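Presented sequentially are two complexes of chain A, the first with chain B as partner and the second with chain C.
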Partner chain A sequence: MTVANIAAPAKARVKTRAAKGLGVAGTYLLLAPAMVWMTLFLVVPMAMIVYVSFWTQSTFKIDSTLTLASWRTFFASDTYINSLWTTVRIWLIVLVTTFLVGYPTALYVGLFVKNKTLQTALLVVCVIPFWTSFLIRVLAWRPMLGKEGAINILLMKAHIISQPIEALLFTELSVVIGMTQIYVVFMVGPIAFMLGRIDPSIIEAARDLGADFWRILRKIIFPLSLPGVVVGAIFVSVMVLGEFATSAALSGRKVNLLGNIIVTQVGSLKWALASVVGVILTVIMGLVIAGLLRVVDLKKEL
Partner chain B sequence: MESRVLKPILAVYLGLFLLFLYGPFLVLGILSFQQGPEGGPQFPITEWSIFWYQHILGLAPPSRVAPLPIGISLFRSLSLAFMTMITSTVLGVMSAQAFRRNFRGKTLAFYLIVLGMIVPGVLVGLGSALVATTTGIERHWWSTAFATHVVYTLPFAFLVMLAIFNRFDGSIEEAAWSLGASPVRTFRKVTFPLIFPGVLSAMLFAFTLSYDEFSRTLFSSGREQTLPLAIYGTFTVEIHPNVFAFGVLTTLFSFALLTVYAILMTLSVRRARRVAIQESIA
Partner chain C sequence: MSKEAVLHLEGLSKSFGDKVALSNISFSVNQKEYVSLLGPSGSGKTTLLRTISGFETPQAGRVTLAGRDVTSAPAHDRGIGFVFQNFALFPHLSVFDNVAFGLRNRAQPVPESEVRSKVLEMIDLVGLQGLARRGTHQISGGQKQRVALARTLVTRPKLVLLDEPLGALDANLRQRMRTELRNIREQLDIPFLHVTGSETEALAMGDRLIVLDNGRIGQDGAPDEIYNRPASANVARFLNRYNVFDGAFEGDAFVTKYGSFPYASRVTGGESAYAIRYDRLAARPVGSAPGSNLAATYVTSEYLGSSLVHLFETADGKVVEVEHHLSNGPPDAYEAGHAYALTWKSEHGIAFG
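Coming up: the complex of A and B.
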């Protein structure tokens, strides 16, 4: 093991508690494999996407002559611009739905359930679906939402509707429903965590001073849970913006996200255009994360 | 008091929320018992049968529904998840150990590792496919896909270990050193047993994430499909209840995995407790 070769002299060890028996060189040696791995297999590929987005693309070949052609193709095409807006729209909608669906759950689990064991148990129950394949969870919505799906059958049996609702499957709605179910837990977890840390005496004090529950929720509970909301929003944003499987499975090819464009372009070996979309996606992602981090100072709050 | 009214309302809401989470899954489970091979992936159930389970396991008579290529892709996925688990846990423990002291570029190193879980899979997959095609490296699930999987799971393993080391009492190690134990011996006999529950969690994270990962694998694995890619292949064609039966089986498999994890965890906690008791007797 490397630890042996790089042990610091005995004296230094005893002298500083923080030294943990390793010199500075040792620290860097321990860190080196991970750094090399991340650089080679993450930073270099990401740089490559930027580089290739300026390459010259002919039908089935690509060469490294620099050009803006692929960028022009992207911004000149209605299909691609539309998919850009669709991505932003779906991202915003799913962000809102996961928040609206998730917050009451987090409120109950984090604030109203006082028993720690029950709290953990409820969170585990929320996480269990994650041990099923993501793709299976997406596919499971098909028999649920279809024209002859479970929801339509139940609604017709209950005589709420007389005709099956066809808009449930293979529409933007089905994509939003599917994504909300899949990603809502990433909202619930961080929010419940922050709510669980609220000192009950603060809420009691507010109540003693005559504040009603809505006021307490607005003025105390929500602001204190905001870091959780931001962390949840970052999780959801990152995952939704890079999505293509849910839209492929549930929209019947009607909803084309930027991710779907990348998949089709790579499928037809149009590497340059796929890279352009990749760069655009990266920029959006960076803006979103930077924007969310401005809402709260996570380092201070967590 | 409002909270007396609000609490039951929220409890009911939680019930509905869980129905939303589990509903599709219940339906999927029910439909997996659809009659085969004519029965479609929707209601009503024409006749209850286990045909699609037999179909998955290759026991059903040949029909127009092509069998899912499960055997070999399952093997690939499990091997890949295992390789990823070992590599990312080792790298994660090493990096977190390095992070116990201050050094120049610590923040940069932190962001570089964490970036792996932030960048969407489709971009990492695209990037590594670009690097592979331009450099002429052949893409395989055990080479390029493996590299991208570790990029994804390493941050999780690292963060878990970082949290563990945060609560770690370094004076125990110092005691070992002052008694003359070498750093390797200290790590093996003192540090590692204490962080073992964390290591198990990091391994569980890495394994499940890699096992289920497909957006990174899609572009970086070449022709040989892993299990998620085999499922993804069914998206474009007509789906049959065999996918549902398969979903039920994979879920059972995941629970088996989780049980193994729980057992190992309990054993390690119990062992730690026993050692502590023995020490207090001695």
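Coming up: the complex of A and C.
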């Protein structure tokens, strides 16, 4: 679906070029690399996953006899259904937390900092954590959140708590904290970009017309930054929905996302069930992206 | 401070680092006045406007609006309407919602039932009937200008500030909007303070003209008074209607490197200079004319419709303009590259310094 959406305007553009004398052959020649690439590495694998999800799986082997058995297994199991809801819940919570942390940050960087150099410098600071590997960033939360971790020690030293908070690590909370920290930058970037494009005199005009800061934020700044929020939400959604490493490292195996199930199933060579989960995950992502794209017309806004 | 002064400025000063933007600015704007503020770029006119509206704070001085000291009041609490040069319309709102913004979003919002009638009435007043539901991308530059004006006027500000409001429009439209702006002001009884870098616009629009020169008030008066009797060499330069010569007083004469120029009036103080308006000059064959004269070579002419401007050049390359009003008869023919004597009556020369 998304592939078709992207291809349609591209084709239209190429057509106008063709009309200018590039010729039909030239058109196909220009399209060929992308088409070959997308077919080999997107269309074929996706079709393959759908196909394999209907294969017959026994303990030690898999064969291509078509069956609904794996689909039935998934929907009959409380464990799998629960992990589906956990995935949706964590996705929604992380979407909200990245927005709550990311929007004010973006507001500061994109709108309040007037100096362009400082603006770029601050955005680079946001990206610096990416200089270390993903796994190290996730695992670094363990000594922070643990029973004898940095946060508990600081809170005890400050006499704010007398007993360490154990709920900080190996819970859903630690997964949410870890994911928020890792993905918030994907929310900050697009929003800061949109905010940076707002003409400052528009905000002054709103002030001059008698609106206070909150009204300007609600009626002018937020609507104008909405395309950035949508793009950020798409980035975060796609990454969080497919997540498995953060929950594996920070939940002590208590939080099982669809991604974790795929990893486990592939690990035990249960390709058919892994494919079922893969298809379900892809459908969810498709729906989420389609839904978010309905909020704003990105083609018009960007 | 006169009784009906809406805006009163007292000793406003502001500098950015070493650069002085405003220096001891004082003036009043009265009810029903249309004041033009003329200044070249860098003269501080935008800073002055932003200080009045509350987007900048002065380092010294006071801003009084309708008897209330608003020097440190925030912009949204002043009741001043600001019309931006680039219109600054809200791009995500329709024409109607743009105009309604101030009514809906101020501290005490107007009830929605009144918003509709007020907004439509204002849209009619500025001549945008039928465009209320358009987006701001679907209207022309002139229409955007009207939306910006309507959006400000609908909130009934005590004073409207216009920052080069016609700068973004093409010449044809600019001419029409000038008349329109004056008409709108007359219907509303709100004083307008119109900032511009164009001397024709400033002279045409204002009941009163204030000339800004390097952050100071160069002159404040009626347009014809300023046009005929500029108060300083710089004001004469900004008017773009005077040939200005550097020089110094020696006894009764004003001596420039082109000769000694007689003068009837002298404005004391400030930079020494001699100014003679374009249309006070005449070009004669060398040696044939009495009176003040200046030797110059004819270069070319510019046709302006109602007049013709002849460009002459002195030996050291200074351009001297001579304007001939066509109502005074057909222009003389000059030959390019030939020397002429430029003459004028001594009572028309103004000496400064």
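Some points to look at:
Here is the rule we go by: the second predicted complex is superposed on the first by the 269 of 302 C-alpha atoms of A that agree within 3 Å, B and C clash if a C-alpha of one lies under 4 Å from a C-alpha of the other, contacts with A are read in each partner's own complex, and residues count from 1 in each chain.
Quick note on the criterion: a residue touches a chain if its C-beta (ideal position, glycine included) is under 8 Å from a C-beta of that chain, and two chains touch if they have at least 3 such contacts.
If you're wondering where the values come from, they're calculated on a predicted model, not measured in any experiment.
Contact with chain B, but none with chain C, is seen for A:Pro33 once the two complexes are overlaid on the shared chain. Judged by the touch definition given at the top, the superposed model places A:Ser251 against neither chain B nor chain C. In the superposition on chain A, A:Pro223 makes contact with chain C only, not with chain B. Considering which of chain B and chain C touches more of chain A, the answer is B. In the superposed pair of complexes, A:Gln57 makes contact with neither chain B nor chain C. By the touch criterion defined above, A:Asp199 lies against chain C but remains apart from chain B after alignment on the C-alpha atoms of chain A.
After overlaying the two complexes on the shared chain, residue contacts for A:Leu139 are found with chain B alone; chain C is out of touch. Looking at the shared chain after the overlay, A:Ala211 reaches chain C, while chain B stays out of its contact range.
Residue contacts after overlaying the shared chain place A:Phe41 against chain B, while chain C stays out of touching range. By the touch criterion defined above, A:Thr97 lies against neither chain B nor chain C after alignment on the C-alpha atoms of chain A. Residues 212 of chain A are contacted both by chain B in one complex and by chain C in the other.
Within the complex formed with chain B, the chain A residues making contact are 1, 3-4, 7, 10, 13-14, 17-22, 24, 27-28, 30-31, 33-35, 37-46, 48-49, 52, 101, 104-105, 107-109, 112, 122, 125-126, 129-137, 139-144, 146, 148-150, 153, 181, 184-185, 212-214, 238-239, 241-242, 244-245, 248-249, 259, 262-263, 266, 271, 274-275, 278, 281-282, 285, 289. Those residues of chain B lying in contact with chain A across their complex are 2-3, 6-7, 10-11, 13-14, 17-18, 20-25, 27-28, 31, 41-43, 91-92, 94-95, 97-103, 109, 112-113, 115-116, 118-124, 126-131, 133-134, 147-148, 150-151, 154, 158, 170-171, 173-174, 177-178, 182-184, 186-187, 208, 212, 214-215, 218-219, 227-228, 231-232, 234-236, 239, 243-244, 246-247, 250-251, 254-255, 257-258. Remark: chain C residues 53-55, 74-77, 79-82, 84, 86, 88-92, 101-102, 105-107, 148, 151-152, 155 touch chain A in the complex.
Put simply, chain A touches chain C in their complex at residues 199, 201-202, 204-212, 215-216, 219-220, 223-224.
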